Amino acid sequence: MNRHTQEAGLHGVWLSEPSASTVEVAALAGYDTVVLDVEHGSFDLAALNWLLPFIRAKGMEVIVKVLGPQREAIQQALDLGANAVAIPHVESVAHAEQVCGYAKFPPLGDRSFAGGRVSDYRGFDDAWVAEQDSGTRCYPMIEDASAFADIEQILALDSVDGIFIGPSDLSLRRDRGAYTAGEDDLTDIAYLADAANAAGKPWILPAWSPAEQKLAVEKNAHVIIATMQYGALLTGLSGASAALREIQAQAGE
Amino acid sequence: MNRHTQEAGLHGVWLSEPSASTVEVAALAGYDTVVLDVEHGSFDLAALNWLLPFIRAKGMEVIVKVLGPQREAIQQALDLGANAVAIPHVESVAHAEQVCGYAKFPPLGDRSFAGGRVSDYRGFDDAWVAEQDSGTRCYPMIEDASAFADIEQILALDSVDGIFIGPSDLSLRRDRGAYTAGEDDLTDIAYLADAANAAGKPWILPAWSPAEQKLAVEKNAHVIIATMQYGALLTGLSGASAALREIQAQAGE
Amino acid sequence: MNRHTQEAGLHGVWLSEPSASTVEVAALAGYDTVVLDVEHGSFDLAALNWLLPFIRAKGMEVIVKVLGPQREAIQQALDLGANAVAIPHVESVAHAEQVCGYAKFPPLGDRSFAGGRVSDYRGFDDAWVAEQDSGTRCYPMIEDASAFADIEQILALDSVDGIFIGPSDLSLRRDRGAYTAGEDDLTDIAYLADAANAAGKPWILPAWSPAEQKLAVEKNAHVIIATMQYGALLTGLSGASAALREIQAQAGE
Amino acid sequence: MNRHTQEAGLHGVWLSEPSASTVEVAALAGYDTVVLDVEHGSFDLAALNWLLPFIRAKGMEVIVKVLGPQREAIQQALDLGANAVAIPHVESVAHAEQVCGYAKFPPLGDRSFAGGRVSDYRGFDDAWVAEQDSGTRCYPMIEDASAFADIEQILALDSVDGIFIGPSDLSLRRDRGAYTAGEDDLTDIAYLADAANAAGKPWILPAWSPAEQKLAVEKNAHVIIATMQYGALLTGLSGASAALREIQAQAGE
Amino acid sequence: MNRHTQEAGLHGVWLSEPSASTVEVAALAGYDTVVLDVEHGSFDLAALNWLLPFIRAKGMEVIVKVLGPQREAIQQALDLGANAVAIPHVESVAHAEQVCGYAKFPPLGDRSFAGGRVSDYRGFDDAWVAEQDSGTRCYPMIEDASAFADIEQILALDSVDGIFIGPSDLSLRRDRGAYTAGEDDLTDIAYLADAANAAGKPWILPAWSPAEQKLAVEKNAHVIIATMQYGALLTGLSGASAALREIQAQAGE
Amino acid sequence: MNRHTQEAGLHGVWLSEPSASTVEVAALAGYDTVVLDVEHGSFDLAALNWLLPFIRAKGMEVIVKVLGPQREAIQQALDLGANAVAIPHVESVAHAEQVCGYAKFPPLGDRSFAGGRVSDYRGFDDAWVAEQDSGTRCYPMIEDASAFADIEQILALDSVDGIFIGPSDLSLRRDRGAYTAGEDDLTDIAYLADAANAAGKPWILPAWSPAEQKLAVEKNAHVIIATMQYGALLTGLSGASAALREIQAQAGE
């Protein structure tokens, strides 16, 4: 495990569309990790091709939440320079073994060699393969009930470098309906955190509310994703409009 | 079923590449529904991210014919704001049940929560889930012989809100070779239309010729797709060139 | 003057890069006017071509702060569907007369006919010309000392529909150095506001601070631009990170 | 003058946004010349960089109607591979001399050397300069009253290879209000055509109506622009919708 | 088999990102075939939509190495105008039969009809289907140990028009670790070449080193891919910098 | 003058289109300065908006050769984060004074304040203005005969931080026809270099040939631009194709 993954409490920001300025603003605001939500956002390949090396050149880490649990989605993120992939909707230990294998080269897994950015636009050798396999990270997302049930075995896999929790989908799939960050939700999250800590592997949590953040801090989450690009924008824009409305109200309009 | 799906005879236009002006021209020409052919066209995510809300802000409905029968393709269209998805190459009732499930949240299906446009860039609750499930529509495409055979059972599925017929592929797969809009083709279409009407669910038809359009009108197709973006352009450009050639011919050139 | 320009106290938001989601978030946050800073931002034509009609289809007004005081920059914004243009670095009444002329058709000015979006992709007639000339608005920016000096004459021009104040550049050019929103700055703004009100034409102000906003409200600014896209994002991201840091501090980290 | 410019009656199509398929459809419909309306359309540089060589590789000619009468706009179109530039709003013979000079290298004019596509990505020699100057063409647009007045002198300039008439703006600026293709409009066009023919230089006309087209044919216009991209689309889409409406009406809806 | 596939020793270039100028430079440098590495590169659909017809209009052949062994990836490449598809990670003869079927229409395979570029934006008939099936080519990639084992049966499939060898992944999966173009690697390549030649079907090889190129020439490879876009750039840029450094060294810096 | 401008003999690379990988390859090849040819290349604003901060985050310097000698072109490059602007076709000392003024804030010049990237997305103060004025650099291009004549006075201007020589255009405009890097060309370059050295200001030269490079090294050019993106690609692609052809020839083809 490298320096970065040993740390706890890193501040993450969740991006849904590419924007160089948003990355710069996030750096100014103190974030050190950027999560790109390729699954639900609008990141095309041409954008990822500059966004990934840009985030890294800024000295931040980038976790790509890939389109889905498929070889191609995982491979492209690593080819273009992601530090880590988070893989949505991993369904079981067997599924995790298969799809996390796409993040590691043979014999550990079944990743395909690209010959571009990550090998400095040159060929490769066995030392490079070893370095890639240990230097990039694969985080299955735990957001399905069946993956929740298999958590210990999933964490025991060699190709699994930690877990990324998806609270909203987990609530829907653990029969609690829409996510409320309620007591049962937090119990589930704590259970997963404990499993990751017991396995000595990092865990990552999107945590918008104080309750979620406290839990994440307490249980040493590796990255705590504090807000989303659009959520922060909504907060900022709403605040400015409300302040102006207040001034207008005082002026008797 | 909402107001829109209860109507019959809506005019649809089939787009193959993104263009704000094409949407505006279509609105001026009287269309009320836009079909985006993501399967065979060239729509990247950045384009869908403005095109979908633009079509809706213009007061038109947008049906996304997604890349294929996969969770990710279906999810992205609904996340970005589609009114409906049309899913190509659904092969059977079992296949329909699985893939249409990706268009509905648990417990009805297995859609994943995005947290962006469709939930107003905020969180969600159970009422919102119910509203999404009923307010967006899932149309399996009937263009494989095996789906044709299962039509009644497909229409009986809760996650199926209607059907979208693919006449060209259906002809190839029902052993009639290239589609000619011939008698057997129309018989197949009528059979599917009757099944949809019997099930009380809307059906949609690309119908370029008068014969196809008459059938669609007669059997109350919900949306009749009257032309394609490129086909209309070819008609318009050919007409203008032919008119000029006629004038040149008259002038004795 | 149309309904919109008669209103005062509209909430404006300042955009520096195109983003459909940012427009939607702004609408949710209560803004009714969007200013696109083409001068200093990164808006290419392909983006403006969907962004302008999208903002209007959402029911908001769009003011394009064009690249510079040139025919082409002004023309493109109006061709693509802007409600108004704000023209940077207008230097004098003579300059204003020339460049605001590019926003109006002959005989009033020298705008060129495009034949696209704003004439419904068809030809035009004299009634349409009259409607365009009155329905779209031209705002010279007052941010140069020489324009400040000519303010009454500039406001008297037929082609001038109001003014857009540029406080930062005005401070630099009125020998006060970097803008501080200090007393002299506010005096300048008040002077321009009074001139506009006396001329019966709207005035527009970017007003980030309470002092600027109070002045704008008091003197009936037509649009009060309450914040910038990146500024709101910085506020939102900084707030979320600070809140998390506080929780981490409390936890004894 | 090369083979292409000696021909008369070529069919031109007017594009307002980049689209590879539109070029292909135009080729199928029989057009041999494409006019890109950079002045009023939405063509960014990245798009021009593939669109220009694509049109030429298809065996068609491409005339770029540049952003305005400026060195940079003219230069970019020629650098990226245009066969010809049409320059809007040339105001007089002196203006024509200056701006058409930007389309020719010294000593004939003042074009700047790029070192890219048009010199095969290599250096250059005097023979190449001569070939570029004669092989690419510069067409001032005649759409201002003052240019109309100077037409013979403009046509006499060495750097002027022909003229491109702008009927809509010409009508507005010759005090006839909005363009109607009326008798006076046609008289103006005929006058310019006669001048070009007398000078032995090609002339080009956007000619949507039969009357305009007859005049263009009769007076040997080099390129007759028969329709616009959006106009053809509107014709095609309107026709398809009207045909369907007719069928719906017959069915008693 | 058409003229093109009967030739041997064609020069191929491997592209990883879209660039019109790179295609032009490759044509000037003598290449006649372009391979687009969609699997590991950054080609979005909007780019493929102009790049594919551009390469063909330049008189070159284009092989699209698609994203993966899926219907959608194969279909899009053929819809947009590829001469051939190379399909990564085909695992066995059964897998080859399934996925190569997506490159051929029924009854030969299961390709879906698009109605765009390749059918001249019109409908289709049985002759067109036959022409598409024989005129476009499907090359499974041989880069997995299990496909290597099935090579004769794969080459015997009707839907397989030849093979594309992937030496780097093959080395990793045939237990030799990172690819070195060593003796065992060349033995594997020769084995596959012999199998293709025995089957009378073309084979294609990325061959950067003299040893690989000699083998490819000797065994009549159809296309020999001589270099990659980024590799050539690295060679060119490194050479220029080294030459300058030499001059600086001589000057005693 | 900052550390960077005091150095001599930096290796520059000339880019004509945006590409993150090209920047990375250039860094690997040892370049420390990137010149973006906005004047003749194809850089849209959206691309510049990520490319400029990316080059800087990689630890390289970026000089933007702007579209032309206009306020807007200069301003945008500095707003988006350029270290320096090179301004084409400066014609005289008076012209230099005017246009280089757009690169410096009042009272030194007339640059406009943007409020984005370069002020960390916040407001500004007088110290920031001073730092911007000294920290960014303005290089008029010397490529017109009249600027050549005024060289000493141009170099004496406060707003001029050095010069960027344009040998091709200079040859055309100093009546030597196409540039050959001949003796008279080198004499002109040496003359300008001596003037810059005498003024104690850096000078920059595109220098493809050994003769040009020797002169640049000898006279302490600040940046020596050793090659162009497309030129390097042509060298690399041609070399690879020639090597393969040689092997084919040896094999008796």
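Here the chain labels run A, B, C, D, E and F in written order, and each chain numbers its own residues starting at 1.
Keep in mind that, in the parts below, contacts are C-beta pairs under 8 Å (C-beta built on N, C-alpha and C of every residue); 3 or more make two chains touch, one makes a residue touch a chain.
As the structure is a computational prediction, the values presented were derived from the model and not from experiment.
**Student:** Going only through chains that touch each other, how many steps at minimum separate subunit A from subunit E?
**Tutor:** 1
**Student:** Count the smallest number of chain-to-chain hops linking subunit C with subunit E, moving only between touching chains.
**Tutor:** Steps on the shortest route: 2.
**Student:** Touching both subunit A and subunit D, which chains are there?
**Tutor:** Touching subunit A as well as subunit D, we find B, C, E, F.
**Student:** I want to compare two interfaces, E-F and C-D. Which one has more contacting C-beta pairs?
**Tutor:** The greater number of contacts lies at E-F.
**Student:** Overlay subunit A and subunit B by their C-alpha atoms and let me know the rotation angle in degrees, rounded to the nearest 5.
**Tutor:** 120
**Student:** Given the pairs E-F, A-B or A-F, which one repeats the contacts seen at A-E for over half of the pairs?
**Tutor:** A-B
**Student:** Would you mind pulling out the distance in Å between where the CA atoms of subunit B average out and where those of subunit E do?
**Tutor:** 34
**Student:** How many Å are there between the centre of subunit B and the centre of subunit C, using C-alpha atoms for each centre?
**Tutor:** 40
**Student:** Hunt down the residues of subunit B that sit against at least two other chains at once, touch-wise.
**Tutor:** 16-17, 21, 25, 28, 44, 49, 70, 116, 121, 230-231, 233-234
**Student:** Which of the chains are touching one another, listed as pairs?
**Tutor:** The list of touching pairs comes to A-B, A-C, A-E, A-F, B-C, B-D, B-E, C-D, C-F, D-E, D-F, E-F.
**Student:** How about subunit C: which of its residues touch subunit A in the complex?
**Tutor:** Those in contact with subunit A are residues 9, 11, 13, 16-17, 19, 21-22, 25-26, 28-31, 207, 210, 213-214, 217-218, 224, 226-227, 229-241, 243-245, 247-248, 251, 253.
**Student:** Using the touch definition from the top, list the residues of subunit C that touch subunit D in their complex.
**Tutor:** Answer in residue numbers: 44-46, 48-49, 70-72, 75-76, 79-80, 105-107, 110, 112-116, 121-126, 128-129.
**Student:** Along subunit F, where are the residues that touch subunit A in the complex?
**Tutor:** That would be residues 20-21, 24-25, 28, 49-51, 53-54, 57-58, 116-117, 120-121 of subunit F.
**Student:** Which positions of subunit E touch subunit A when the two form their complex?
**Tutor:** Touching subunit A: residues 16-17, 39-44, 47, 67-68, 70, 73, 88-89, 143, 168-169, 172-173, 175, 177-180, 208, 228, 230-231, 233-234 of subunit E.
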